[in-house]
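Lettered A, B, C and D in written order, each chain numbered from 1.
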């Protein structure tokens, strides 16, 4: 089962054309990432930062926007890890509209595990690697 | 002469009603504050933070919005200090539309000088107090 | 009983000093307003805009920030109406930290009922005036 | 010659890790797009929207982040069109740090020409197609 979390599109997220300003969709994806860590990795992202001095910034993002999001939409952000390397992992994000499950946007992102003091890539700690792979496996299972 | 800086209202700043989402107006005021430090206090705000470990967060803001700002407006943000205490100072912000000099918003804010390591109020260093008062005096002169 | 809604401080809401960038606190208050309309006025704010062509922009905001908010905080946004005029109403917002109920910020805002086509103030429709006053009364009751 | 515009990283753009929150980098790219229209297509983007009822939302974005941006950086956003179709065009964005011309991020985006009333794709008007191609050619010339 892929992890998912819900987000309400807010007034301030939409632009004068009435559509969600696309940088804000990346903000939604980051909220998905934060919730993924809390739920699947059993650590609040802010504690990951303050206590372990780790972050997972995006170094590569391939994103498709299929359907404009509008103010009032409720969204489901689905997150799973599709591959894990030594110091980076590939996260798959899908944004679905709750009322009809329509896939509105999809993003494949490579996140690097970064030490926040040195700002250099470091090995992904085993506990997170394990949590990432578990998610990966369950997502793969679900698709069979 | 009061310090001023110009800002262009951007697409992403306006809301579905076509008006600048009011939290973004406070973002403009903070840009005004940053430019005030660079110009009048001779220090980039980011260096104030990194080198002197000081910040000037807002603890009180009285704000009036007279005229809605819209996407496409160019704005003049005027900043001056109206009073200086031991560890806090009162900043006056005015937002004017460039094409007709119309006063669109005004904010009076108390900023506290805060040590970023302890998150506690500290005395305003004399060099900044002096710069604040200079601005204050010149602004007062201008009004006579 | 005053209306309240919960908000999670997100990574992107906090600034390099580790504190919530204060314009984002006004974004939280607007989310509180949106939820107030949904819950107390029985209309989603986006439908108020699209179907009734009404909005409630802020024309005056007096705000105090008592305690810095940090990434990881969960917040309770409390909203009630303290007075209602012909075309404007005064909303009281309180921001409390959930873990210890500490009052972190308070804002008193005058919102004007605006027709979104003419961008002019109009009378507050009776149904909303009634809902505002109900909230007001119950909040007052609670304090006795 | 590719079009370029400068942007100052602001306090509110950076996150608790001290780096620019990546959704804000997309905001910078959109500012680059707005300035591209003003300069190369001779129309302010807000007039394109209000007078011609056209917008150019992103439907596909491939983005690489090479170097973290930090508060205090000044950026050069370079924009050119690499290909033009019937109703869409591919824009190339590069984000360079001004002080050392270091390439920090790059994004290839497909923008669709959309009628803002119907929210449907329409043919790119010839005047803009021509302006896009001119930019394309000059950029290609420059690389030889």
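Methods note: a contact is a pair of C-beta atoms (placed from the backbone, for glycine too) under 8 Å apart; a residue touches a chain by one contact, two chains touch by 3 or more.
Since we're looking at a predicted model, the values are computed, not measured.
Think of each touching pair as a link: the shortest run of links from chain A to chain C has 1 of them. Averaging C-alpha coordinates per chain and comparing to chain C, the farthest chain turns out to be D.
Chain centres here are Cα means. That of chain A falls 24 Å from that of chain D. Per-chain CA centroids place chain B at a distance of 29 Å from chain D. As a whole-number value, the distance joining the C-alpha centres of chain C and chain D reads 35 Å. Residues of chain D in contact with at least two other chains: 11-12, 16, 21, 23-24, 27, 30, 46, 49, 71. Residues 11-12, 14-16, 18, 21, 23-24, 71 of chain C are the ones touching chain D in the complex.
Of all residues in chain B, those touching chain D in their complex are 10-12, 27, 30-31, 34, 44-47, 49-50, 70-72. Taken in their complex, chain D has these residues touching chain A: 16-17, 19, 21-24, 26-27, 30, 46, 49, 55, 57-66, 68, 116, 119.
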